[in-house]
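Have a look at this one before I ask anything.
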């Protein structure tokens, strides 16, 4: 029973270890592609296992350290699906002759274990360790293209700022522990209303927000994002701009709604500011970018801002909207980076927006996919991006956050501009005299990756019902467990009537 | 034989702040990384102090895990630093700027 | 009613979308894609004709309704329906599609699949806007309608891939998108209080429960609606995008870009949902409309580019509709809706004609034309007929709308009415002057050099239906007005503020659920 | 007198910590910074002892001073890192950083001192000594899963260190 | 006298006695080494100063003390001076927690152990791990390529073998259920040699791992690559002379003795007699106190002798062999040993 709660994690760990064991035994000259296929298989299994977890009765395991509920399963599915797509995109984009591909895939699998644990952990210690596993593996993956100075530079920047953020996050946990004497999320929520040192908890909230703000690249903690996205290999960016971020958002939700609901009045304004600054700064900076990857990096900052809008509405809809936004965001982002990793090439020889001019004339299908993802990022109806934004802002408006909603939607107008710049470039004729670099044939795996993410984006835009239901169920579990205080009040109110 | 817990916390806050300051102004990547270690150590002190206050073992265990994490980070971080030295032949953060910040 | 009545709207909506998907998959061989698109467009048109044929003119509410729950929470309903206001607009959209296909038949010679599938997608989006009765569904189609247009402008601009065409695309997109974003805030704000996106329920809720919103809040919401629609129309100071789009967009797209979506939305959602607030802005809107009439006409006078001239002419012409709408007189509203129809047809016809000329001479520059009438008499004839319709010659369709709107304008304010009439004269002036410069006078070197091809059968096929329609609409206007009247009756001043809206609306919503 | 002893030890090692940390900040040669950091870490170990965390004190010395910092010095030696150049650095770091750090310090100090009473005092002895077996009882039961998961973390770190430090074959 | 004063005075006395004895031992271990290695190499070793050369250490010491203290110009001075101090201090420090004999107390003060800590074993590990800095910094501060290479080698070597060393002790700790050295000895005391960890505790594999790793930790042959004369001249102490050199020298031998003490405590029953309770306990309190010390010294001497013996007879490893051996053989073996030990002791 305990093992069932961490079944996906177990599968992925075993697979990762197996790859590491087998990899040295393979002949030096042999292709490492089969390890990629194997990891795809493992990820599918993990996805299935997560789906199977839906039928488990929600509950905790391992002495209340992990919790399986609709919320964790939702994010499990999201993360497994995203990593699956990223893996598919990576198999043929990375150089097949490289000898460290076994490690590459093993790192992805093990990193995914960390992300999955982040979403299901209800003990801050496990959250922290999961966060570190996923972070460290992404630091390494970012520097995987070692021959390029940029890649390793991205790695060091990511590493230093990520660790810096970790220290803040940890400080926040320490102060929470100081205020409540526990690091279990439910216990914190229960102890918080009675603490003698609430000011510690308030400080903790701020520090945790700084720490996780870095991880989700919310402005003003976003400084690493553009450089890292630009420098890291595109298949890795497809992964690290999506799954770890979704996991970090899950942690944010879990911590703030699960542990700190009783001091909500102290933190919602922080989210307000963070959201507004992220949206505005991200979009304004994206306007000036020439590099496609940098532009998308800034856009991801803006998207983090949109998502944070959902946090300001302290409601079930808010959680559901945030979860759903995370889902849509990863679907479209992993897709667009899958395209970029193919078009730009492993060494990013095509990087600027002008390089992408006339892509429609060279490979119409890829270009169509990219255009579709861009439209979703803009938030055009019948794509996931639209509904995501819609839910987030409707949740915010239900709490009367008019200012934030208006800032957000004006921002989405600004954002449309730079996405369109790329979009129109795709469909323009290539500039005269510029060398037309051939895009290599798309491999089946990449096609599959793009197809998966595109269909996910489309389905989320047309029939969002089932995924939204799951998000709402997850939100329900989180919102209930997060309110022992309210439950206590109800008991008190019930008492006289008996 | 008493010292207020708050003194320990203030000490840890001082160390943490010095760590942040060092992170911001040091120019050698290794030293920058060391300032992160200093920050983590400061946090550890907070944990131990609170563990003492609450008579809770879990606070100390947290520190134990932080040490493990710090060790893992050190291994990876130093490997990255070696790799960047190979690629760029410098350890100055200001010269690690192929991409504009 | 036949059983198809329950699903006909869905068919109308899905057929072009289906066609778009298939068109994207078809091989580019011969005229296969064009033929397929034409087939789909004609089929859609055929389906839309079902609506007026089975329309119940005695009934003021929505017909052919379909109302299913799409998403449970928040409750978004797949709610479609037509009433007298939208029925003819739907038919019009269906009617223009095959003409658009015919107009692009030869002009579009690269990336054919992309063009036609986007064209059909645009068709779906526009039909969706006219049919949707759930605000979210409506908004979805409203936004969707931007996309094919923007991409097509970027891809098939006058000089494909040039900076100007992508700038026009971006300009068009942003002009509409940013106000739409605020519009979405407005929708969400309405939803936050009323808990529904359904047009009918929302309207009832707003009427029954006036304390739901504070007056300033409702005022701001109504403004967010108004701005989004006004940009799309475009109303006078917000018309910046139109010139670029007209001059860059391919003919088939330029035909549909202006006018009807925005004006329809103004009537349906601004006036319909916010009767009080819209009356508060009425005199401003009338003023803007008249300014638009004059400004458009004056700027059109000095244009040297045919398409730009047409763009400003369109601004001027559409302002008559705005004028009519905000008089809140039944005449004005009838006239406005009728004028939307006629303007779309005439303007479309003119664009096709310009396209025909461009195909032959490769320019829109008026200076380089001259004496065309002698070489291409059929073209000239049709051009003149269309032009006369546009300037509002009696017995042609343009007259009806202009007359109705201006007369109600006079009733509201003599000054504005008088100025609007000046606009009519000005429009006659720039049109006639343009025709004179292009078709008469000495043959220009360009015309002299080029071989003279008069209209081809395909072009006849595209143009004659419109020309015939102009006459029919001018003569038998009551046939259309009859339906429109039912649609806009409840919105007009005469009965609006004291009519038993609540009772009527509640009966409608019951019907909606019964279906 | 005994009361004073405890406070005095705390003050001595606290001051040593701060001095070490400041020295880390001020020294220009990385090896000096590293040694200062070792001083900080070792003094912290003493403070842990004062707080009754003897296992942690030992672990602090073994893991931090004995393993992590050795790695640091090793790398400094390997790369022969010289004195750091006083490049201008980003001005933003100075403009925003220092006031920010000062504000952070001030804020945290204020907060901690304001809750001085509810937090109480640290006492030597008094049954607060946490033995290794107390620790292991919690570690291997309540926190078994995090402990196991740590192995994945270390695995990732090893994998990464190997993958990154390996010379790229061309 | 107040109890506190007695406590302080007695503690200081203990420290002084232990330090002096240890340093004496160090000096004579050097002599022993020269003698034994001499015999192994078929020569006599020092024999001129005093009877059998017994005063040789004194002479060596005097020479080193009186020699001019040379400070090379290009060294990094603070660390150059600090390094030998660290090395010697760490070498001497760990003896503080070693119990030399049975727990005999005078006025509540343990006579045969300077400090009895719950985590004695960890303290030894901690101090040893800090000892790396002495060698590492000396090489770096010397600003000499041989020194640097020597200290680089030593850092890597010591960090690598520390792992195996630490892991090898886990089995012992599991058996005792404590990190306190007295507890560890106590569980081995009952049945004499049969209950020693190395035999009765099934820790013979662990013992060998410990021994090998400890040799590497102390940079002794066959792992003395740090100061391999043929490759690196003097290795890390190439630039050192006189007193500072002597400190390194003393540190090395003190470490040997510490290793011997720890091996005795952990695997050979510490001060307990090899016959366990077979022999009747002596009545005389003095014999009762000194007999354990006798056993302890015998055992430690054995280990010290073993050190010298190994040095005299085994060839040196190559650097890659050294690393490969440590990581690919010792560490996995140590982990396997932990698993076995856990399985053995789990049923209890």
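Order of writing sets the chain letters: A, B, C, D and E. Residues in each chain are counted from 1.
Going forward, contacts are C-beta pairs under 8 Å (C-beta built on N, C-alpha and C of every residue); 3 or more make two chains touch, one makes a residue touch a chain.
Here the structure is a predicted model, which means the values were calculated and not measured.
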item	value
Intersection of the contact lists for subunit D and subunit E	none
Co-neighbours of subunit E and subunit C - touch as defined	none
Most distant chain from subunit D by Cα centroid	C
Middle chain, criterion being Cα centroid separation	A
Far-end chain from subunit E, centres as C-alpha averages	C
Computed distance of Cα centres, subunit C from subunit A, in Å	42
Whole-Å gap separating subunit C and subunit D, where each centre is the average of the chain's CA atoms	69
Centre distance in Å when subunit A and subunit E are each reduced to the mean of their C-alpha atoms	52
Distance between the centres, which are taken as Cα means, of subunit C and subunit B, whole angstrom	64
Residues of subunit B engaged with two or more neighbouring chains	9, 16, 19, 33, 49, 51, 53, 58, 61, 65, 69, 72-73, 76, 80-81, 83, 101
Two or more partner chains touched - positions in subunit D	55, 59, 67, 71, 76, 78, 108, 115, 119, 142-143, 146, 150, 153, 156-157, 160, 162, 164
Two or more partner chains touched - positions in subunit A	125, 129, 132, 136, 139-140, 143, 146, 152, 155, 178
Those chain pairs that satisfy the touch definition	A-B, A-C, A-D, B-D, D-E
Contact set on subunit A toward subunit C in their complex	357-358, 360-361, 364, 371, 375, 378-382, 386, 390-391, 393-394, 397-398, 400, 402, 405-406, 409-410, 412-414, 416-417, 420-421, 423-425, 427-430, 464-465, 468-469, 472
Residues of subunit E that touch subunit D when the two form their complex	76, 79, 117-119, 122-123, 125-130, 132-133, 136-137, 139-140, 148, 151-152, 155-156, 158-159, 162, 166, 177-179
Interface residues, subunit D side, partner subunit A - complex	107-108, 111, 114-115, 118-119, 141-146, 149-150, 152-153, 155-157, 159-160, 162-164, 166, 168-170
For the subunit D and subunit E complex, residues of the former touching the latter	31, 35, 38, 42, 54-55, 57-59, 61-62, 65-67, 70-71, 73-74, 76-78, 131-133
Touching residues (chain side subunit A, partner subunit B) in the complex	125, 128-129, 132, 136, 139-140, 143, 146, 149-150, 152-157, 159-160, 163-164, 166-167, 170-171, 173-175, 177-178, 181-183, 223, 226-227, 230-231
